[in-house]
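For reference, chains read A, B, C, D and E in written order, and residue numbers begin at 1 within each chain.
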Amino acid sequence: MIIGEVVGSVWATRKDERLNGLKLLVVKPTYAKDMSSSFVAADLASAGVGDTVLVTKGSSARSAFGKERIPIDSVIVGVVDSIDLAES
Amino acid sequence: MIIGEVVGSVWATRKDERLNGLKLLVVKPTYAKDMSSSFVAADLASAGVGDTVLVTKGSSARSAFGKERIPIDSVIVGVVDSIDLAES
Amino acid sequence: MIIGEVVGSVWATRKDERLNGLKLLVVKPTYAKDMSSSFVAADLASAGVGDTVLVTKGSSARSAFGKERIPIDSVIVGVVDSIDLAES
Amino acid sequence: MIIGEVVGSVWATRKDERLNGLKLLVVKPTYAKDMSSSFVAADLASAGVGDTVLVTKGSSARSAFGKERIPIDSVIVGVVDSIDLAES
Amino acid sequence: MIIGEVVGSVWATRKDERLNGLKLLVVKPTYAKDMSSSFVAADLASAGVGDTVLVTKGSSARSAFGKERIPIDSVIVGVVDSIDLAES
């Protein structure tokens, strides 16, 4: 999974109907230097802008939904309370 | 999912027959610095050159189709109306 | 699989309930120059901070669990005793 | 999918028997700056050195085959006739 | 698939039991500039240090095994005899 910051949201009227009702958020990986690795994730953890989140990608992202055939490849599965990093 | 700009289209006469009838568009990720991460996606959202689009990748891309066995790994699933980014 | 060092842990109260009870560790790939490719993996090998671990990613990570529908894309499958690298 | 140039071929006598009879070509992504992102793809489009090709990756690559259990993760699914890029 | 050089091996006593008996080798992609993209692959082609090998990644790597539920994401599927690259 990836740790990222929610930095924005995306609006799309014309889209695959299975995406209807999903909140689509822009996530910037926490340890990334710039926006180049940012991506969009469907929110399943009631996250919002400014939150640090845990994101699951790939086919495992679909596992978060009750139905298998949904064209989603990134899902916010948790809101991070804290990250404890060892001294290095 | 990735946010990208449609920057062109690809023509291929000799191809897997399951790709027949699909519009294949060249997508440049919006936050990429150059073309090096550009790729081709099958369009399922009536997108065109100049549009900002939402792209699903990997096995989830196949989920956008009614049939499972199609050799497609990137699909345009939406046309983006707007992106709201927080001040940083 | 990736060889990485466990450099920390992540706490998230609000998360997909299928992640309950799993230890979520921050892993830095051993040969990476900085934290930018670090990620979070669920621990199935009783690993801890400072350990060198073997991580499986993608849908294969789900195979480590008894149930298929779990939104996990990275799993620690082993604790590395030693790496023998040839002279180059 | 990725657009790439076929820059060579690979020979391997000792290999998984399910790869027998497949043409294995070295593909350099068209927009890559150097060989570092080059990879090997199984050819299903009668491609040859010098051709610009369309490559499908991941589990979707397996979908190009009639059988599901084949250890192939990259397949050439088309030979590109032309790429129309918009002025930028 | 990726072409890589086998540069070492990994030993792990404490690991998922489905990895028991598998030879785990460190592979450095042939065209990589440094070790940062190196990874570990299970050997199914009797490869050894110094060999140039063909590696399949992702869910396709699992296809190399007789059983589907094995937490492996990279497999050596062949030993390369020669690579013919076109003049460029």
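We adopt the following convention: a residue touches a chain if its C-beta (ideal position, glycine included) is under 8 Å from a C-beta of that chain, and two chains touch if they have at least 3 such contacts.
Which chain is which protein? Per UniProt: A, B, C, D, E = Ethanolamine utilization protein EutN.
On a predicted model such as this, the values are computed, not experimentally measured, just so you know.
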Between chain D and chain E, centroid-to-centroid distance (C-alpha), Å: 19
Interface hub residues of chain A, defined as touching at least two other chains: 58-59, 61
Category of the chain touch graph - line, ring, star, complete, other: ring
Ring walk, chain A to chain B and onward: A, B, D, E, C
Residues on chain E engaged by chain D in the complex (per definition of touch): 1-3, 29, 31-33, 44-46, 54, 56-61, 63-64, 75, 77-86, 88
Complex interface listing, chain D residues touching chain E: 7-16, 19, 24, 26, 34-41, 49-50, 58-59, 61-62, 68-74
